[in-house]
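Both of the next two complexes hold chain A, though its partner changes from chain B to chain C.
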Partner chain A sequence: MTHLELTHIHKSFGASVAVEDFNLTVKQGEFVSFLGPSGCGKTTTLRMVAGFELPTSGNVTLNGKDLTYVPPNKRNVGMVFQSYALFPNMTVAQNVGYGLKIAGKSKNEIEERVREMLSLIQMDKFYSRYPYQLSGGQQQRVALARALAIQPELLLLDEPLSALDAKIRFELRQEIRRIQQKLGITTIYVTHDQEEALSLSDRIVVMSQGKIEQVGNPFEIYNFPQTRFVAKFVGSLNTVTATVVDPAKGIASFDGINLEIAQGLNGKNKGEEVTIAIRPERFNFLAEQRKENVFDCTIENITFLGSVVRVQMKIGNSIFNMDTFNRPSLKLPNIGGKEQVTCSNKAVLVLAG
Partner chain B sequence: MDEIMSRKRTSFFTIFWGILALLYFFLPIYGTLDFSLRMERGILGFKAYKIIFADPRFWEGFRYSVTMAVITIIVSAAIFVPTIYWMYLKVPQARPIMEIITILPFVIPGIILVFGLIRTFSRPPLQLTTSTFKTDILMIAGYVIISMPYMFRAVDVGMRSIDVRTLTEAAQSLGSNWFHVLADVIIPNLRLAILGGSLICFATVMGELILADFLVRPALGPYMVRLGLTKAYEPAALAIISYSLTWFSLGLLQFFSSRSERQKQQVITT
Partner chain C sequence: MSQMFATRQRKLWREYPLWNWVGLFPFFIFIVFFLVFPSLRLFTGAFTNQEGGLTLDNLKVFENPNVLKAYIMSLQVSAITAFVGGFFGFLVAYSITQGGAPRWMRNVISTFSGLAANFGGVPLAFSFIATIGQTGIITAMLKKACFNLENYGALAQFLASGGVNVSDITNVCPLNPYTYGFSLYSLSGLVLAYTYFQFPLMILTITPALEGLKKEWYEASTNLGATPAKYWRDVALPVLMPSILGASLLLFGNAFGAYATARALTGGSIPLVSIYIGQQIRGDVLGNPNEGYALAFGMVAIMTLTIVAYSLLQRRATRWMKS
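So, the complex of A and B:
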């Protein structure tokens, strides 16, 4: 069932267009991430859903109600900010109970709900603390509890983990997903961190320059990027310009080397130029008899990235990266050495845009 | 070795200039205090102070000035807090203009302000010098203008120390209307800033002379001047009382700000 609907949303600040023809439907209980670089319009879109910005045109509908011109304090939408935005003059309990106090709930009701929320975020002991007595991660958990205490119809999170260090970020990420799934609350999450979006979301909306580039689940976004931007922004990617050799058999060539493409080249003409993309982890050193996509290469560089080893190699005149798991038995080639690598024809993507 | 010598030299000059500055500031005050205590020949005593405290005109002036100061503080805070809040939220680019406007009372001499007020408000359409009540309104308006640079800066610094926009949005997302945002979130977090502005406002109004003198109101400033025309020791005692009031205000300000700092230093990071 459609819970949130954004229809033809457009937002301009003077001559500059921040969001252009944004259309999205979000189902009840779904976790959707807006992913994109700074200035792509993701936060502006979120702020329009929250009511802090008015769309230049288009509509925001929640549960069938048009919220486009409803002020933010009348929307029943909870929001968590990057900078926590806890009220410094209030204790943890007062912060969490503030929305309920504004809603005119009784003291007992507020007390009960505050305790329930603090238990949900496992911060019962911090009831009387002030925000300045908490670490960043704890403050953000309180901010989450505060947003959830009012039982909002929709939860909005605006880069909530950006100000935290890597370890806390990872822990809190799990926590956010656990709570969201437990409460079944529809959630919009804004981030520029692909790992966060991939690990948390039911669906990801990849944005660039105010427009939606692709909407899909994390698996689709990572494995089947539809545009060059998505392919480049999500994960690392090798791209090369190739010339179509045989559209029917799905063969293209770069630097005089033929490449088989499982998805085919239908709709392309012989001699036409296409952008080919291969994820670094889809390459392997040749260890089996394969007929398609076997390339001679020269090893240019080797970099250890912890659990992964990145091998930079030259195929023809083009530079490619290959990622391989770092295990003790791994035999690495010598820099400058000649090797053969391969990739499945299913690993070769043809990018549009 | 050179570094140690240089550090010693720096610390010697720091102490030297520090002592010189203290003497420069405190010697005249000490002189005034000493003089105020020598009303009776050959002994140090509080006779001048007793005379002042026994004078009903002093208490009349004191009560009047305190009342004016309190009303000025309330009016200033009521004008400046919402205005500066609105400026931060909606037109942050207007801040330099506001700064110039609020610095005008420093640039325009008090006498010009008073003549301007008297000339403008002594004739229709808005005649405010026909009764003491109306004149008091005019006085408060003048005091608000005179204390504007202090109140503006104090509140401005307070606003800069909090994330006004995000706190407002957080409160709104929890259902708060504008009144609640201001009353529950913004003003409590500006408490110290407003207190600072208020105490400086208080000290300014308590010592103000020109406005009260020209509008012929029984404030403490004109009383001080009139006393100085006919007496010797009592004005010195009054000056010390006036200083004490100002320092008491500043002491309160210091006490509250250091208490707030102490609270913040109890940060527990777990």
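So, the complex of A and C:
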């Protein structure tokens, strides 16, 4: 069932277009991330849902009610800010209970709900602390509890983890997902961190220059990027310009090397140039397993990235990266040595846009 | 134990080498000569007689009703100008930080405030005398803006119906402040002159606090259902209050210690403590320097309390702004 609907949203600041023809429907309880680089319009879109910005045109509908011109304090939408935005003059309990106080709830109701929320974020012991006495991660948990305390119809999170260090970010990410699933609350999450979006979301909206590039679940976004931007922005990617050799059989060529493409090259003409892409983890050494495409290569560099080893290699005149799991049995080639690598024809993507 | 002490000493020297402190020496020398020594002289002078013997007799000056009157007048002038200057200064600072005033206006006001806050004494008094004194240029202009009531029949009729003898009123100058009893050389004139340097000082001191108000606090409160009025009541004003009170105390202290402006403007006709002390020390009228020291000692005590309260409030404001 559609819970939130954004229809033909357009937002301009003077001559500058921030969001262009944005259309999206979000189901009840769904976790949707807006993913994109800085300035792509993701936060502006979120702020239009919150009511802090008015769309130049288009509509925001929540539960069938048109919210487009409803002021932010009448929307019943909870929001968590990047900078936490806890009120510095209030204790943790007062911060969490503020929305309920404004709503005119009784002291007992507020007390009960505050305790419940603090228990949910596992911060019962911090009831009387002030924000300046908390770490960044703790402040963000309180901000989340404050947003949830009013029992909003929709939860908005604007890059809530970007001010935190990596370890806390990872922990809090899991915490956010756990709480969201427990409460079943519809959530919009803005981030420029693809790992966050991929690990948290039911669906991801990839944005660039104010437009939606692709909407899909994390698996689709990562494995079947529909545009060159999505392919490049989500995960790392090897791209090379190739020439169509046989459109019917899906064969193209780069640097004089043929490669087979499972999705085919329908609609392309022989001799036409196409951009093809292969994810680094889709390569493996021929000695391990043989797949449709086999390439001779020269090893240029090897980098350890913890659980992954990145091998930089030259195929023809083009540089490619190959990622392989780091394991004790892994036999790494010598730098400058000649090797053979392989990849499936399904691993080769033809990029549009 | 002594080894521990020596290690600690070495660590201190390593962490704070003398070289790093060299830049502070001129400041310290200045403070010693022009704050510490005069304060000591003031303290000893307050408790010695003119022959140099120890005495508490100088403190009897506080039993003098004129002295008490001077203290009350000084406190009144300081409180009024702190309030008036603080109020208008806050409004201006709000306009240039949160009110969306253009950037150029903000720069102009900041520069003006920096100059005006330090413009006091005889030049300030003279500029007020030259503009809104009895024969000042603005007063002269305002005196010219007159009309004859006879030419305004309806108004004359209205006033007559109220019992006013309109035949006595032929030439009305409604913009001339002196017709309403104002005098630059009175308390109201002094308040006006002090406000000239008080409100820019408020702008300078409160602007950083207003800049520290995060836009997200407002958005978070409205997101939780609050109206702008509730945001100001529950968040902005409580956050700003230590800074507002601290800045007001600073304004209070600034006015409390002022001497030259009042002296030049009123010639000593308004009994302020600072003027009373001047009279005691110069000796042209009263001439008991030790009583002057005792009076100044009282002022120092009030100023010390003000500074301590200001520091405590600033600490609280800074602590909140940290989060």
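In this text, the second predicted complex is superposed on the first by the 349 of 353 C-alpha atoms of A that agree within 3 Å, B and C clash if a C-alpha of one lies under 4 Å from a C-alpha of the other, contacts with A are read in each partner's own complex, and residues count from 1 in each chain.
Methods note: a contact is a pair of C-beta atoms (placed from the backbone, for glycine too) under 8 Å apart; a residue touches a chain by one contact, two chains touch by 3 or more.
Just so it is clear, the structure is predicted and the values come from calculations on it, not from any experiment.
K.L.:
Based on the superposition on chain A, does the combination of chain B and chain C result in a clash or a fit?
P.N.:
In the superposition, chain B runs into chain C.
K.L.:
Could you say whether A:77 touches chain B, chain C, both of them, or neither, answering first, second, both or neither?
P.N.:
Both partners, chain B and chain C.
K.L.:
Where does A:295 make contact in the superposed view: on chain B (first), on chain C (second), on both, or on neither?
P.N.:
A:295 contacts neither chain B nor chain C.
K.L.:
Touching A:31 in the superposition: chain B (first), chain C (second), both, neither?
P.N.:
Touch status of A:31: no partner.
K.L.:
Quick one: classify A:254 as touching chain B (first), chain C (second), both or neither.
P.N.:
Neither: A:254 stays clear of chain B and chain C.
K.L.:
If we overlay the two complexes on their shared chain A, which of chain B and chain C does A:135 touch? Say first, second, both or neither.
P.N.:
It touches chain B, and chain C stays clear.
K.L.:
State whether A:103 touches chain B only (first), chain C only (second), both chains, or neither.
P.N.:
A:103 sits against chain B and chain C alike.
K.L.:
Under the stated touch criterion, which partner chain does A:88 make contact with: chain B (first), chain C (second), both, or neither?
P.N.:
The answer is both, since A:88 touches chain B and chain C.
K.L.:
Name the stretch of chain C, from among 8-16, 80-88 or 152-160, that runs into chain B once the two structures are superposed.
P.N.:
80-88
K.L.:
On chain A, which stretch or stretches are contacted by chain B in one complex as well as by chain C in the other?
P.N.:
The answer is residues 50, 52, 71-79, 81, 83, 85-89, 98-99, 102-103, 130, 132, 134, 143, 146-147, 150 of chain A.
K.L.:
If you look only at chain B, which of its residues touch chain A in the complex?
P.N.:
Per the touch definition, chain B meets chain A at residues 162-163, 166-167, 169-177, 180, 184-185, 188-189, 191, 263-264, 266-270.
K.L.:
What residues on chain C touch chain A, complex-wise?
P.N.:
214, 216-217, 219-227, 230, 234-235, 238-239, 319-323
K.L.:
Looking at the complex, which residues from chain A come into contact with chain C?
P.N.:
Result: residues 50, 52, 71-79, 81, 83-90, 98-99, 102-103, 130-132, 134, 139, 143, 146-147, 150 of chain A touch chain C.
K.L.:
What residues on chain A touch chain B, complex-wise?
P.N.:
50-52, 71-79, 81, 83, 85-89, 98-99, 102-103, 129-130, 132-135, 138, 143, 146-147, 150, 156
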